[in-house]
Amino acid sequence: MEAKTLVLGVIGADVHAVGNKILEIALTEAGFNVVNLGVLVSQKEFVEAALETNADAILVSSLYGHAEIDARGLREALIEAGIGDILMYIGGYLVVGNQDWSEVEAKFKQLGFDRVYPPSTLPEDFIPTLREDLGM
Amino acid sequence: MEAKTLVLGVIGADVHAVGNKILEIALTEAGFNVVNLGVLVSQKEFVEAALETNADAILVSSLYGHAEIDARGLREALIEAGIGDILMYIGGYLVVGNQDWSEVEAKFKQLGFDRVYPPSTLPEDFIPTLREDLGM
Amino acid sequence: MGERLMHAKLDWDELQEERQEVLASWPTGQDVDLEQAIQFHKQLPEELNFAKCLTQAKAKGRTLAQPRAGVADLNSHLELLLYLQDVGEADLLPTTIDSYTRQNRYEEAEKALAESVREGRSLLNGFPAVNHGVASCRRLVESLSRPLQVRHGTPDARLLAEITLAAGFTAFEGGGISYNIPYAKRVPLEESIRHWQYVDRLVGFYEEQGIAINREPFGPLTGTLVAPCISHSVAVIEAVLAAKQGVKSITLGYGQCGNIVQDVAALQTLTMLAEEYLRAENIYDVEITTVFHQWMGGFPKDEAKAYGVIALGSATAALGKATKVIVKTTHEALGIPTKEANAQAIRATKQVLNMLQDQALPENAALADEREIILQETRAILDKTLELGEGDWALGAVRAFAAGVIDVPFAPSSFNLSRTMPARDNQGAVRFLQWGNLPFPKEIQDFHRAKLAERGQAERRPPSFQMVIDDIYAVGQGRLVGRPR
Amino acid sequence: MGERLMHAKLDWDELQEERQEVLASWPTGQDVDLEQAIQFHKQLPEELNFAKCLTQAKAKGRTLAQPRAGVADLNSHLELLLYLQDVGEADLLPTTIDSYTRQNRYEEAEKALAESVREGRSLLNGFPAVNHGVASCRRLVESLSRPLQVRHGTPDARLLAEITLAAGFTAFEGGGISYNIPYAKRVPLEESIRHWQYVDRLVGFYEEQGIAINREPFGPLTGTLVAPCISHSVAVIEAVLAAKQGVKSITLGYGQCGNIVQDVAALQTLTMLAEEYLRAENIYDVEITTVFHQWMGGFPKDEAKAYGVIALGSATAALGKATKVIVKTTHEALGIPTKEANAQAIRATKQVLNMLQDQALPENAALADEREIILQETRAILDKTLELGEGDWALGAVRAFAAGVIDVPFAPSSFNLSRTMPARDNQGAVRFLQWGNLPFPKEIQDFHRAKLAERGQAERRPPSFQMVIDDIYAVGQGRLVGRPR
């Protein structure tokens, strides 16, 4: 079976680099083909990278609290680019402060994310689900 | 003016001695004639000491949580001894755990104490009131 | 009893008469069956044996965390301990005994227990183990996966020991001095020491049957500015007394004073001194471990500040490589803690212990000096004690207290001379403002005088009793040294 | 700009054109009036001057506590700071700037600010000071009774500095390296260093007018296993760069690594190295103070355990006699803290600082060895940097990063070579598994190899990248060294 391609990156003005590096390592070890855009990634960069690499999924990180602003419109931009049904996850500290998780999750599902992960999610916590969602 | 006499002691099976020693010092410095019974004082000892020394007030300490059992009936014993209207204070950690203070206060007023003081009461917090209550 | 107190192993057969009396003093005593108890202990897994857990921790250089906890009713008490084990991550478990039981007032405990059950809240400040009896206590041992210790403050703990050890408890706190002087007013030391020889002999009997039982003299005494030499003297005497009766696993305690160098020096010298004096008695087969008590004096009311005190104690315990640490809670200045507060304090403690698990306070000159002071002071006290006892530690202890050669500050006991007055020096170490009759050589006296003069100078006031009062309130008010405001 | 970067004092008159451009880059820039700002600063009482408070603390040997805090809206921000001052007992106050402002994205900040006010909750992770402007920022200074510092992470902070200093802030965090390498991806160092020369020159101008302003390079960098030699090298270079522009009060920072001896050695060598390299530049009139950052990596989620981490950092800061400590909170692993959590963490911190106020880690051999290692490593890096710069610190810094002579682990910047790999040794000190191009002499290389081999042996696995990953998660999982389970 061919390796699935993932686009990985930290969205917006966010520079938290450590989790991103660890995710790259863990996902590569898990057999994915990882296109890591690093930190400070704009919506445009996510869309272009997904198009160019014919990616199977986009994994968005946001640690610094601005995700609800930064991620607005990303699904729409993907639709516009013709890859509107690509699998899309988001994880990290998605809002400012410690808010009720079910509300946060609902907010980001609303924004078009297929799965939403809370802080401190370990690679082993979501990789099995990712495989499943990608039909692996 | 003649010095007022206070009977001081830690009631019941309670051995907390430090606050008792500090109270003795502070009250003596404040000009009272202090009869300190120390720790592990029974109701009987309180009544006898008050009678013998013709005391103006009884100051009961209880730190270890059993005051509601230990102090039951003390007012009645004083009445029986003919000094039922002696001024009587209690202070310390009066119940087990950290319970609502207004309930604790009510409980001990009910038991016949004129004033009830919460944990960490400093000498300067109650000595002025004590003077007032003794008409000094 | 009746015979004169002396430092000699009690004869087990001769003790049987006294044992029958003790067991008859409250109905639950009848259920003590030593043979059956030994059988029960024998089938307990190693992880449930307190002494063995301490041996392991000592070998690995780890510090274990143990809370205090006890409520009146059996089910509530079990629930509490399960919570501290599972949510609190405690390494070792306690059963704290209520204050009526500590004074052998089982009738009062019985009434308060009944009332507690009726009202659905604990009116007792601990678990009345004697009233509950062997079978109920054993339910605790069988339901928990950490070893259990009895923690109390009982001058005459003979019946309590009989019942809890028969139930399967594998550790028992206290001693003839440390559970008398801070915990009683009119109990003669002759009496309490003799009663604790009984307890130690009972433990010795279990040891003879191959059952390891840990014994722990109560280190912190009054918990209030107790200088290391005082608590070390009591600890060493109780260790020697216990070992004589056949005790093999002894944990010596010390309550945090607050100056890290003094505290670490105290932990280090505690083992050194105990081994030294045991060797002098030709005792070589006793394992000494240590317990560090997080700050035992008045606490800040603010829970956040209390966390600071707790964590600092944990750090000191780890840097001093104590075998275990007794955990306070953020409710210390509020009342007996809820189980949640208790569990939180254990977790905060464990985070610090774990982070410092591979670190110790590096050897240094200040530490060596402090050790030397403690060694000299303690040896002066102990040697004078043995001299007073004409070679007999039990008699020596009684006479030393009478003479003020050992003198515990702020103790309620009338058998304590109460002539010493401790105060902090300018670095927060506990020194003596007045040493009363402590048999200190001149250099040591000069040392204390100089240390307090130094503080006096820094504070522009002569060393005086006001410093002591300020020091007593200081930690509760957010600092260590009670400086003038 | 346009001219080549160099380590020389910017000419104030020549700078005016650039200043006008900067001030014109966002409408609020127009309100900066230096003359009026100087007047305002002149009438501020001493207790509101950050630099003076630090000088005093250093003289007394005290450690001050400072939180992080910032929300979008002015009134909420003021309320937050008042709370931290009054309920939190903070000695020094911050204003943490939001991440859009940090990237000069004032439009986005404006929108999020408006939305925050509408929704009644902060959608920004900090206070957008540029958007608020001089008058609003001044309201903070006028309403508080502790000095205020701007804390951010901005590669180009020229406008932010103009506005906040004009408003009466007396301290400004950041630097051309420390606010670029961990905080940006594609900003060339030439650019950020030049922009920070501007900020430092502006501070120098205030100093020329008799206004003391404190500057603080950001010590912890990526906050993740940053060995002292790396952060010290950056700190010293930024100190030298700042001093050249006329800065007189510099606070150098270091983020807790977790091994107490290494941490205290790091604090001690930080001042030694800065003074050494300033002297070499013939600069003698700069006051160096230090700031210790409580653990900057991933935190435990459990608040009780987080208290343990916070208190251990406080204890280390006090034992190392840092001039101030930056306080984390028990919400660190949950999100931006509530004001209550923030205040609690400051109070826990202060309890520890106060209790250790008269104590320091005693001098000892392990500490001296650790100092020696840090001194040798840092000097190797700094001397090579100056060599690469042909005597010019600014150029040297740019070239050193390009060559990997300075190399910050886990940095997002593409101008960082990223060839080093740190890992803890068997006592938890941060060492190098791979030192990339760090110009370490052979003995130092052998030292790191030996230290990691020792850990490998203890863990029965060869030193490898898995150790690094384990170490990154370790504190969050309740320990310091990421041992295999």
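Order as written gives the chain letters A, B, C and D; numbering starts at 1 within each chain.
Just so we're on the same page, a residue touches a chain if its C-beta (ideal position, glycine included) is under 8 Å from a C-beta of that chain, and two chains touch if they have at least 3 such contacts.
If you're wondering where the values come from, they're calculated on a predicted model, not measured in any experiment.
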Check your understanding: Tell me, which chains sit next to both subunit B and subunit C?
Key -> none
Review point. In this assembly, which chains make contact with subunit C and also with subunit D?
Key: none
Study note, to complete from the structure: Farthest CA centroid from subunit C: chain A
Check your understanding: Where the centres are mean C-alpha positions, what is the separation of subunit A from subunit B, in Å?
Key -> 67
Study note, to complete from the structure: Rounded to the nearest Å, the gap separating the Cα centres of subunit A and subunit D is 30
Check your understanding: So how far apart, in whole Å, are subunit A and subunit C when each is placed at the average of its C-alpha atoms?
Key -> 55
**Study point:** Of all residues in subunit B, the ones touching two or more other chains
**Key:** none
Revision key, fill the gap. For subunit D, residue numbers touching 2 or more other chains are none
Practice item. Please list, in label order, each pair of chains that touches. Key: A-D, B-C, C-D
Check your understanding: What part of subunit B is in contact with subunit C in the complex they form?
Key -> 12-15, 17-18, 21-22, 25, 38-40, 64-66, 68-69, 93, 95-99, 119-120
**Study point:** subunit D - residues contacting subunit C, complex
**Key:** 258-261, 300, 302-312, 314-315, 319, 343-345, 347-352, 354-359, 362-367, 426-428, 475, 478-481
Exercise for review: Going by the contact rule at the top, pick out the subunit C residues touching subunit B in the complex.
Suggested key: 99-100, 102-103, 105, 108, 111-112, 115, 121-125, 153, 182-186, 222, 224, 297-298, 301, 331, 333-338, 410-412, 465, 469, 472, 476
